[in-house]
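Chain IDs A, B, C, D and E follow the sequence of writing; residue 1 opens each chain.
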Amino acid sequence: MVAVVLLAAAVLAFPSLAPNPYILSAGVVVLNYAVLSTSWSFVGGFTGYISLGHGALAGLGGYGTALLVTKAGLPSFVALAVAALLVAALAVPIGFAALRVRGASFVIVSIALVLILLLVFQSWASLTGGSRGLVVPRPFPDLLRPEHHRVFYYLFAGLLALALLAWWMIDRSRFGLGLKAIREDEDKAEALGTPTFAYKLVVFVVSAAFTALGGGLYALWFGDLDPVFQFSILTGSYLVLMALLGGVRNLFGPLVGALVVGIGLEYFKVEFGDTQLHLVATGLLLALVVLFMPDGVLPAIGSLLGRMRPAQNSIREVTAAELRDQRVAAAGAPAAREPVDAVASTAGERAQSTEERA
Amino acid sequence: GGDDGGSAGADDPIVVGVSLPLTGDFSEPGKGVQRGYEAWAKITNDKGGLLGRKVELKILDDQSNADRVVADYEQLIGKDNVDLVVGPFSTRLVVPAARVAEEYGMLFVEPAGAAKEVFEQGFKNLFYAAPAVANDHYNHLAEYVLALPSDQRPKTAAYAAMDDPFAQGTAYGLKEKLEAGGVRTVVDEVYPPNTTDFGSIAAKIAASKADMVVGGSQYQDGVNLIVALQQLKYQPKLAAFSTAPTNPEFAAAIGNKTEGILSPTGYTQDAKYPSNTEFVEKYAAQFGSPPEEDEANAYTTGQVVAAAVTAVGCAEQGECQKKLVEWVRTNTVETVVGPLSWDETGKPKGAHMIQQWVGGKIQIVLPAAAKETDLVYPKPAW
Amino acid sequence: MSERSEVPSLATDGLTKAFGGVVALDGATVEFRHGQVNALIGPNGSGKTTFFNCVTGMIRPDGGQVTYQGRDITGAAPHRIVRAGLGRTFQLCRVFPRMTALDNVLAAVRPVGLTGLLRGAHVRADLDRARGWLTRLGIEHLADVEARNMSWGQQKLLELAGVLMSDPETVLLDEPAGGVNPALLDRIGTLVRELNAEGRTFVIVEHNMDLVMSVSDHIVVFDRGRPIAEGPPSLIRSDERVLGAYLGV
Amino acid sequence: MASEIELVDIQAGYGRAAPVLRGLTVSVPAGQIVCLVGPNGAGKSTVLKVASGLLKPRSGKILVGGVDVTGQGPQRMLASGVAHVLQGHSVFREMTVAENVLLGGYTLKDKALIAERTAFVKEVFPVVAQRWNSLAGLLSGGQQKQVEFARSLMVNPKVVLLDEPSMGLDPKATTTVFEQVVRMRDAGTAVLLVEQNARRALETADLGCVLDLGRVHISGPAPQLLADPQLGELYLGGRPAEPTAIPKR
Amino acid sequence: MPSGALLLQSIILGLLLGGLYALLAAGLTLYFGIMRVVMIAHSAFLILAAYLAWWSHSRLGVDPLLSMIVTVPLFFACGVLLQRVLLARLRAVTLTMMSVLLTFAIAVLIEGLLGYVFTGTQRRIQLGYGSASFGIFGARVAVVKLIAFGLAAVALLTLYLLMKKTTFGWALRATIQHRDAARLVGIETERVAGYGFGLGLATAAVGGTALALDTTIYPSLHWHWIGPLMAIIVVGGLGSVPGSAMAAMVLGMLQSLLQIPLGTTWAQTIFYLALFATLAFRPQGFFGGRLAQRF
């Protein structure tokens, strides 16, 4: 709880501490990552369906918002909400097709989703502007750029809080437990009465809606859309990297991951910016996480702390005799107790006799 | 704002910020642009700098990514507090970058945003430092074709353009004019930038038996398309490709079967403008080979900015930028690509020359005033 | 036995399922009465598991009908069938490997409505009930152990606890005794009878004849995808066809 | 008589968790069947995993034919003559029965011997012959178990470790399996058998060993253990009570 | 209506293209269908091989086909190492998921290194016979494309025989399906899994060389290949080498033919449409193989 308050305070104080608009805009980018990877972890974290295609949902949110503003003339934030709803609606058929398959096939489908949307948005130039891109009008045309960043920083922070809240609510709920059961063994979950498909679809739609909100808000902030960058596998993969790095099973995992990766990407770029080595560094980071912290940073820290405590016993610490006693006691009959030692001692003798014969 | 970036101060260098695609899809032309800027800074400094201050470049890599390019200019202007900014490479990156500059009120002269969309965004601070926008590159060729006697004039044309505002713009500029002049379009193909297999496109063009083929291409796709056409033994009467044929490696790449291939260019090392002679000479000394178009465009950008700074007498963020913008808008600048002036959208008011491979060498054939040799038509077999 | 046992609980009519050339169910017509402990026995590969799979909607039968308490449930989604009151365990024991035993059991709680869905998963009442089941199956000491760290038999018991938590009226058990220690087996037998007395119907697939004979009221014997005999244990024990086809005497 | 395989003072466990086996000593004399019984989670499977090299012990020694083989992997152990049939289901699910069985003879080079063995297992387990070309994963649970056992019969090891071979088998197949175990013993193979069908196993075995809490609790000649009433109650389950004897509420 | 000549030409081009696709997808089938590793880096290795071929041609003057003498064994060794050192560390339960990310990382790494060493410039091998072709029935067949097709055919056949006719194929499948059981029948699981992976990468070496013969390469090109190749192996049926080869031929042909009316970009969507259609109607693939749904 204290952590939550501290975190919130830190996030909210950041804009006043940021020394210049650039840092502030970097903060916006990181928050956007945090929103997206948290949204991703609704699906990836709870159900274990790894989607590399969430970049596409964000892109749809962005384009949806932009088109509603430019073509339908809706006010920016109305357009954002409508776009998120539309994407959520669109997520129903997408989820319907994609969630029929599991595991690696789902990964492939999600990749295919990005690629096909890229092709469509590139080719359908009359609507989307194609490779010329699409310009999103500013929601607050009068704001100076630094102010613009500040406003959007808070908007993103709000959206993040909303996503985290939703995540937390699901995590502790029976719905969440059902989703986790799906992650562990889908058929078994179904056999226990969980409507697995409906669960998956619902959480996919929720995830899509949040992702679209993130993407749409980004579009409003950023102003220029280009299919190549909106529908990129790389974006989707960064989201996975962040969530994974932080720990998909933790509320703040994706947020922590976004902080680390966001700052890391920036750092690599500054360090190795004029060569492709920044890609190498990103690849190494991802590989290290997968190999050594497959559950993420937060759980890794947790287990490091846990290792300092004495090891937990996995073996049952009750003998059959004790179990029998419990059973008898439970049945209400007087426990026909016989000293266990007696058995043990006879056992010892017999064991010896076996060894002699051997 | 804080003066830690070093505006004012007579001895402080003038810091010019730029973000370039040094890695990623546009890295090759990006590097060319970088060399052009570096040559400009060096040549300028060797002559004593601007306003008596040294020029210092601050170059960031945007990885050919629009998100990054914005972050970069954000950093340059907001954090590094540079005195001036100049533009990146590629239309896709110019627009978002220009918006940042615009919103911070900076003058934004750029070497690469040639597509007409750039000038439809309502930017007030943007100027394209080259003779013509993409759609006008082929203007001289269009005139030439349409002026041919009707029995010789090509009847049909095939167009293949990369899905990129610049490349497509060049081909479509020509297409529009030829169609208006009665040359029928028989193939109109657009391919994504990452296309590597041109077999099918070439097959379509070959099957159409078009009299002329026009490629709205960048370097490598142009080469691939030509090779694929050659594999199919297609022999048009006229073949024009943007960008690719002017590349020094072009002839080797297509097995020296270059004869008669046409290409528009905004720059030639042999141009007689005074600053150009100096540029070619010093550039060659600095980098060991003569400059290409990308380098020249970057250099031109520098020249435009330098002219404005010298004329206005200041170089820092704030009020000064307004004056710089005002000056560029109302003046003509002598550059390595000739005198440049702009309309109110920042679009230059010139045209490109047309070059052709003749006798194993690429030479200027149009306009008549600048030609080094006569245009060969119909084109010999390749 | 009470009079309720005259009501059919689960019935199939001409249930057929073939996998390629293999006929797993060949027009199986079976009826299990309400409130009884039924056993379903038969040689390996006689179609018992396939029968369960068809009844619970895990596989769609090629033909025939499944009725549960008078309702036709043929081809319904598995979770609907479970919600209708039909719970099952798997022969190849399935638990949620990375969840604790307690969560494994809690996952069987069936939320009702939106508020139910969003209720906390670890509310007191549920926890108590879940621990209760673990205790009844003798694995309460493993409540906080992740299921993947349990031995085969422990997982088997855990799975049973989960199904019971989902509170089914009719419980289908596929080899509950497989790999379970005999001492615990008695306990499972007793538990089945107790739960039966509370009004639950059981259908048990099992090869352990001691358990089958001691616990069941009614036995159906399968061979090659169809019932070949049925009746009370005493009758089945001496049925020649059964002796030949199954017990191998 | 010399021990064919001997585990001496073994400490073993999984990952960083507390040990499962705590100073366990077992030995199997050549040509004898030793039966391990014990409650679920006692560590029986773990003993076999240690013996076949699947799990490296933390301390202690493993001797095969008097030679120290501690720390060797399963492939080397197999070469030294130790074969292990896993608990649960370990057929190669997406390979045919034929491929499964033939892989049992992976280490054999002699074509004639392979053919001879194949014919033998086909005869012992008819289902293997019947389903020779179907995917093993599509067989019923018991059928898979039979394929697995057949696979292990392809080689002729010095020591066989069997982890609940009769689980999921119908009475006929169970009888076949026990016959084969006896046959192996008679052919001079040492057998370490883990069974929950404890009475039957002890009736077949020469020596018995009761495991609890990762230690040998009692060991001795099998008939002697069977006769011990207290052991019977704790580990072997009481004699099956008559159904009527179970109180109903 | 396209002319007959154009149709014929497109069919020939489609066939040749399909052959190349088949080769490139073969390795993926191996890892994905048989070893359950989603190998995102496969196409990155293709590009790496293509770069090596280009490099040896332009710097050493060696014919790209000869470069395979080095690259094939090199890639094989690389694959063994990759499997033994990296993939073997992943937990079995999460193997499929984690392998996606791990191989993604490797792909990015390779791309980065390629970019670092060779820069992002597009490269193309300039062969003397690069634009040579011969005619049949009025259509033309480029020599380089035919060579690539031949390479594909030979490599595929070898792979098929290796998997079907040798115990190695069995051992590999057994290893993946139940590692402990495989060890218990005496299979050297570590070695076998390593070889399996090595084999996959060896196909990438051949494929990359074939690819380099007639296309441009650049470091980030591999992204372009991932989608179509993944689609092919799903359509072909996971784990079936002949299936994916069939699917590759059919899709290559369709793509080539669809370009006539639809143009390059829309024609590419055929891969994804086929993918979705497969999952919707025949999850086990159209040409035999395993169920994609559960996997």
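In this text, contacts are C-beta pairs under 8 Å (C-beta built on N, C-alpha and C of every residue); 3 or more make two chains touch, one makes a residue touch a chain.
For clarity, every value in this text was computed on a predicted model and none was experimentally measured.
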Which chains make contact with chain A and with chain B at once? E
Sort the other chains by how far their Cα centres are from that of chain C and give me the top one. B
Between A-C and C-D, flag the pair that has more C-beta pairs in contact. C-D
Just how far, in Å, is the C-alpha centre of chain E from the one of chain B? 38
Rounded to the nearest Å, the gap separating the Cα centres of chain A and chain D is 44
In whole angstrom, the CA-centroid distance of chain C from chain E equals 47
Rounded Å distance, chain B centre to chain C centre (Cα mean): 75
Send over the residues of chain E in touch with two or more other chains. 115, 120, 223, 263, 265, 268
For chain A, residues contacting two or more additional chains: 119, 122, 275-276, 278-279, 314, 316-317, 320, 323-324
For chain B, residues that touch 2 or more chains besides their own: 23, 163, 192
The answer for chain B against chain A in the complex is residues 2, 22-23, 59-61, 63, 65-68, 70-71, 74-75, 77-79, 92, 95-96, 99-100, 103-104, 115, 117, 121, 163-165, 168, 192-193
Under the stated contact criterion, what part of chain D meets chain C in this complex? 14, 17, 38-42, 45, 87-89, 127, 134, 138-143, 145-146, 164, 167-175, 196-199, 233-238, 240-243, 246, 248-249
List of chain A residues in touch with chain B within their complex: 19-23, 25-26, 29, 119, 122, 130-133, 135, 144-146, 148, 222-224, 226, 228-229, 269, 273-276, 278-279
Parts of chain E lying in touch with chain D, wherever the complex brings them together: 167, 170-171, 173-174, 177-178, 180-188, 239, 290
Could you please specify the touching residues of chain A with respect to chain E in the complex? 48, 50, 52, 97, 100-105, 107-109, 111-112, 115-116, 119-120, 122-123, 233-234, 237, 240-241, 244, 275-287, 289-291, 294
